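For reference, the structure I am asking about is given below.
Naming follows writing order (A, B, C, D, E, F, G and H), and every chain is counted from residue 1.
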Amino acid sequence: GFAKVDHHRKKRQGSPEVIFGEGKTSTQIIDISRAMMAKKENILVTRVNKEKAEAIQRTLPDFQYHEIANLLFMMNSGEPVYSNGYIAIVCAGTSDLAVAEEAALTAEAYGLEVRRFYDVGVAGIHRLFAHIDEIRQATVSVVIAGMEGALPSVVGGLVSHPIIAVPTSIGYGANFQGLSALLTMLNSCASGISVVNIDNGFGGAYNAVLIHRLANKQK
Amino acid sequence: GFAKVDHHRKKRQGSPEVIFGEGKTSTQIIDISRAMMAKKENILVTRVNKEKAEAIQRTLPDFQYHEIANLLFMMNSGEPVYSNGYIAIVCAGTSDLAVAEEAALTAEAYGLEVRRFYDVGVAGIHRLFAHIDEIRQATVSVVIAGMEGALPSVVGGLVSHPIIAVPTSIGYGANFQGLSALLTMLNSCASGISVVNIDNGFGGAYNAVLIHRLANKQK
Amino acid sequence: GFAKVDHHRKKRQGSPEVIFGEGKTSTQIIDISRAMMAKKENILVTRVNKEKAEAIQRTLPDFQYHEIANLLFMMNSGEPVYSNGYIAIVCAGTSDLAVAEEAALTAEAYGLEVRRFYDVGVAGIHRLFAHIDEIRQATVSVVIAGMEGALPSVVGGLVSHPIIAVPTSIGYGANFQGLSALLTMLNSCASGISVVNIDNGFGGAYNAVLIHRLANKQK
Amino acid sequence: GFAKVDHHRKKRQGSPEVIFGEGKTSTQIIDISRAMMAKKENILVTRVNKEKAEAIQRTLPDFQYHEIANLLFMMNSGEPVYSNGYIAIVCAGTSDLAVAEEAALTAEAYGLEVRRFYDVGVAGIHRLFAHIDEIRQATVSVVIAGMEGALPSVVGGLVSHPIIAVPTSIGYGANFQGLSALLTMLNSCASGISVVNIDNGFGGAYNAVLIHRLANKQK
Amino acid sequence: GFAKVDHHRKKRQGSPEVIFGEGKTSTQIIDISRAMMAKKENILVTRVNKEKAEAIQRTLPDFQYHEIANLLFMMNSGEPVYSNGYIAIVCAGTSDLAVAEEAALTAEAYGLEVRRFYDVGVAGIHRLFAHIDEIRQATVSVVIAGMEGALPSVVGGLVSHPIIAVPTSIGYGANFQGLSALLTMLNSCASGISVVNIDNGFGGAYNAVLIHRLANKQK
Amino acid sequence: GFAKVDHHRKKRQGSPEVIFGEGKTSTQIIDISRAMMAKKENILVTRVNKEKAEAIQRTLPDFQYHEIANLLFMMNSGEPVYSNGYIAIVCAGTSDLAVAEEAALTAEAYGLEVRRFYDVGVAGIHRLFAHIDEIRQATVSVVIAGMEGALPSVVGGLVSHPIIAVPTSIGYGANFQGLSALLTMLNSCASGISVVNIDNGFGGAYNAVLIHRLANKQK
Amino acid sequence: GFAKVDHHRKKRQGSPEVIFGEGKTSTQIIDISRAMMAKKENILVTRVNKEKAEAIQRTLPDFQYHEIANLLFMMNSGEPVYSNGYIAIVCAGTSDLAVAEEAALTAEAYGLEVRRFYDVGVAGIHRLFAHIDEIRQATVSVVIAGMEGALPSVVGGLVSHPIIAVPTSIGYGANFQGLSALLTMLNSCASGISVVNIDNGFGGAYNAVLIHRLANKQK
Amino acid sequence: GFAKVDHHRKKRQGSPEVIFGEGKTSTQIIDISRAMMAKKENILVTRVNKEKAEAIQRTLPDFQYHEIANLLFMMNSGEPVYSNGYIAIVCAGTSDLAVAEEAALTAEAYGLEVRRFYDVGVAGIHRLFAHIDEIRQATVSVVIAGMEGALPSVVGGLVSHPIIAVPTSIGYGANFQGLSALLTMLNSCASGISVVNIDNGFGGAYNAVLIHRLANKQK
């Protein structure tokens, strides 16, 4: 993760600004980043491949790169402060890691404590049960799966908090680049599941951030 | 709605049990309902057409029927008690009313205060702006739209709480029974939007209920 | 089922002939049936609605009708004899009953012992676990599910025998008449699952019959 | 743009001939261009990538290349003369720039005054409102959007002139290469919107040119 | 048509208000109509079947019903006044008549002169050529076709004014309820064609009205 | 074409054997070709790109390569002899050339006289009319078109012989790699048109060969 | 069939005119028929259900109705005269009969001898082999199949004349109203197969008529 | 195959563990393999291209690579022992070889005797008949086909054992990357066929393994 968990809660400095890196040149990303640095904001850049990241880091060396998640992060306003409780990022297989880490690092950049439960897909359901109690105590879960995308349905039946389901494009043949997992999640017979776009780890996390904040507001 | 807003909050008796009425006979629904009545639970039955509802009411006259929403409700454990704050049910056109009311009445059955903002579609955006301040103060919004389904994107850019988007099957031709609105919502460039199945007013509301409860828990 | 389980195994008289009733008139079905009766064969007619069944029964009163499964059956060559072991028919929800019973009664007509495990969908996975040991001891399972169709993936991870997965058309919206469940099953990350057409309970059972017979051959 | 706005209106020399560059070799484009040059016609070549453009420019150095729009333009019959009024090119995000500039430069090549309103997508609707008065006074708007493609619906509700909507292929996952935006635009509940093919900036502009000319004819 | 062509042009009283009748009850339509009658506006109601129309006419006998087009029209502010020039409504086959008349009557209700060119599909292209000169002199054409939807491409190559193409759902098999014609029109290699939703005769006409008005404005 | 038209008709030596080159290595193609050479058969290899063709020609220099059509041809049994009459290969745009030449050269390899009518698409229908009399006198036409694929419908209405329609994958956006043209052709309202797979120039020609031979048989 | 085979060949009186009955009222069909009767033409009306047919026959009793094929036929110019040779109508299952008879009766109405080979689907391939020699001697085959639509591929490999393949909409689930059979036929690896629209028995026969006439011309 | 058929049956050491190689780095595969080697398990890695395979073999030279099937295999627990009987791997064309060999080598790795029947597609059905008796005596067949995918239907009608059908992505145009073959197989009118995902040779074989073991259990 981006930061060590700080249980002594300093005052949080504000949310990061987010740049969608796909289809932007390194020059464009550097320009936007500089404007944000001037305002002392934390900066998160998603969908940046290694080559582009390195080009950006040569100019702006304060950016940390997370290769698996294709993310750049720069802290300008102080470390994000963890709130009460945590969210769960649950994913089915190792192939879903890029999306899962995009989600996890996004949530951390927004100052949430994240617990990762990876490789707990439904075809070996004991792996999920080994962690279900810890998942149950999260405020909200982001559940990520490719292939047939059945994991959110199973988790949804076991927890009582809201689930944001993220289909991934992992699969082949009749998977149709994630369509199969997307339809599965939209048709889930478990209640309390809502869905974001295929591979949208950022979006899954962002919804979790908004919900988690509501749960922390009144304290 | 099901109940007058009760600002003096009695103790709430528990959530209703929900029966998905589509594809069940009136006899099956009566049988399941009786089992629940025995346990003194509130009962919500969704997707019941008028004819089936009347057959059920002949045997179980305590059921109230909401024709627009195709819902039956029976109170057995006392009136639901409203919590702090309210959720917004926002919908684009009058044709979306059945789905919007399925959502609104579901949320009320779970003891939430609901504010309705109907017929505020994006083709006449001033209608939305007239209500945007009141929408902004909701805990969470359920935003419902058919045709091109653009409303969640616009609302999403104007509020900072989570949005559950519900596409409806209203439309014709290249609408493909709601596919158009569904894709629109999944591809929204506004952040903080997650999506449920086409016409799934119940699901939209249920997610809102879970989120609203999180926001109320700590008090 | 069609017959009481006969643990004293008489000699089995042969498999039933099968008529696909959809799109055939009652007259056509009667004609074909008579030809089969002449040859002393058991007859199974699938996809026959109540009205058509009653018209046929008026002429051929030896036909038994199973309304839920839309099946007619007539015994002409003696009761089918049960073989060693049983197959499991597992289904997710009560709405899948028509398909599940088409499968179960087909298998029984072919002389197999069938054990039914109904309403054990993944959104309440404890229901499945309550029966998993008995399912595990079956020769083969026919696993039937609509909506998101996730049940075969979960069962597939828990048993080591072959699974025939049958998607059903139960669902709405982004379900697209069973496409969602079909894709889920084809993309399952559990091994040992093969799939038949949407709502094809007969086909699911027929594959199970062929496999079960192989397992019984050598004795 | 191609030309400085000339408010002193010289006599216009005629419309450019247009070559669809995709799938043509540089040699083929040079040959066709030469034939047109002989007839003293302005030439517009769309869908030419940088490499191909440079190869053509080596032989025909009078071609100007617009890299963002992938367009070559050559003036042979005198500068196009601006007519009364202007058209608006409105686009949602910076990723839609290539299509927007294909449209804008096409319209300019046909002698229209173009006003550009870029990066005014619906997720931050204040950006659109800042310019709406100027957009309203255009003869016709070409409204370009990718992702969910909701911008034409919102603009359509705010202006009373015709809108040509151009979906772009910008997006990922359930965007399906622009299908999402295309369906949105075809299903728009705002009146006065017609649609061209995905990424067809040229076509959007060409329709605007025809309409703008009608509005200028009688003067 | 709704009105005799009035070549002596009286002052026009304003555009009709339009009600989309599909999915509205006769009571709802009557209520909305009464509000409009109070403001002395002409009223156009589209997508009203015969039965619903008659129910409405019993209460509001001033409504004229056009059965082929499924349209109700009521004149409250004086007959629409025809402007200079005319638009062409061109359609491929007699099966497209309902959509063509929805378009034609809409345009007339907005005070345009309409010339109808019906049954001139591309499989017998001489039928089109017999009328092409008169079509050419229109301000704008609304071209309507089902089946393969090729008519706009052919007309587009023969006229130099803008074309609004309307696909219809007429066809069977691989027509997929109008998808075939829709794709044809979006992919047209003729320039100057833009497209509205399947069966959207109203929308086709409304775009034509906006364009025709631009052409008439300055006089 | 492969051969000069020989109006003095020698005895024809037999049809070429055909190898589908796509997905085969140059070694595999050489091996199959050698077996055929041993039997003195003419050989046609379709779907061979330049690089692969050159590798094959280094070993088997008697192969002639047609780059536009991606075809190799080798004459081993004497030049094909032209029969009475000719077939027409008609295509819409220059982008369809690869498919058109695959068709034309295939037909020539089978000993048919081919007349080419290229770049006669429906958006400029005078181009087709300039040649229609010569097309009419063909035995059969192979009509090839991409984009909206409307050409077969127009030709079908003008000639009375059978038409084999070949959709191509030329287009972009809502063209979906040739799906648009394919659907257009299947839905044609002209009679006497049948369709082969997208880009299947070989198949279009082969059907024409079979039909042309029937017409020549009895003489 | 419509007529007894007449081996003494009278002079043939001309082809029937064809009316596509679907979507036309009985009054419209009667009017068009009367115009044709005046010109002494044979008349074929396709896609007429029983009720509509009877209404038409009450006014025009000379029409013969074929219920299975939904066809009306009236002879006005003398019986069609059979030409040399015959065509084969081959169909997979009894459910395809309506389409097969639409094809067969159409061909007979055009004066062709038709041989019917019904219920010879690939799942019991001996049924096809029993007739293959007679099929081989046809001029052309119309091969009709629903479900998986594999029959044309098998026939195509066994005969050397042209095959017109007609997919039918018979099937359920993943059949998608005939899409499955349509794709199968377009992708056939047998050569000499071209395809018409789903359920288009008329179109299949009409192509066969054109081809058969070519084969008969020269004699 | 992996091993010579050993008719003297040594004690079999257990099934191989399987790694799905696609999307895993060579380092990841090496790590997982080492863990398995420690437990003396046979290891099968599917979906490994040549380059990756060579990188792995440099570190773990005991891996055997099968280039056509993209498979790595390492024997650690002794050679698999063949059971009674054999399974048939039947495939339509040489382009399906990669999938067929993935299936065949998988089955051999699990200790089954495999008989290969390749290039026996339905367009030349005599090729299939030449081998049908040997196929009939298999316990189970894995039938693999691309293009139109008709082979399982034909085989299914000729054998009485279970068939696992594997569609491949071989084809072009309206094949849609294997969708055509997939639909064909799901809609097969032959009984006793079940289907796995497109190109899933492993899955097809794995199902066959489970079935074959059942048939061998009791001995």
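Quick note on the criterion: a residue touches a chain if its C-beta (ideal position, glycine included) is under 8 Å from a C-beta of that chain, and two chains touch if they have at least 3 such contacts.
Since the structure is predicted, the reported quantities are computational estimates derived from the model, not experimental observations.
Copies subunit A and subunit D of the same sequence differ by a rotation of 90 degrees once their CA atoms are superposed, given in steps of 5.
Annotation: A-C is the more contact-rich of the chain pairs A-C and F-G, by number of C-beta pairs in contact. Rounded to whole angstrom, the centroid-to-centroid distance between subunit D and subunit E, based on C-alpha atoms, equals 28 Å.
Note: centroid distance subunit C to subunit G, computed from Cα atoms, is 38 Å.
If each chain is reduced to the centroid of its CA atoms, subunit C and subunit E end up 53 Å from each other. Among the residues of subunit G, those in touch with two or more other chains are 173-175, 179, 182, 186-187, 191, 197. Contact between chains, using the touch rule, shows up for A-B, A-C, A-D, A-H, B-C, B-D, B-E, C-G, C-H, D-E, D-F, E-F, E-G, F-G, F-H, G-H.
Per the touch definition, subunit D reaches subunit A in the complex via residues 94-95, 170, 172-175. Across the interface of their complex, subunit G is touched by residues 22-24, 28, 167, 169, 177-179, 182, 197-200 of subunit C. Every residue of subunit A that touches subunit C in the complex is listed here, in rising order: 92-93, 121-125, 147-150, 153-154, 156-158, 171, 173-176, 179-181, 183-191. Residues 18, 139-140, 160-162, 164, 182, 186-187, 191-197, 203-204, 206-207, 210-211, 214-215, 217-219 of subunit H are the ones touching subunit C in the complex.
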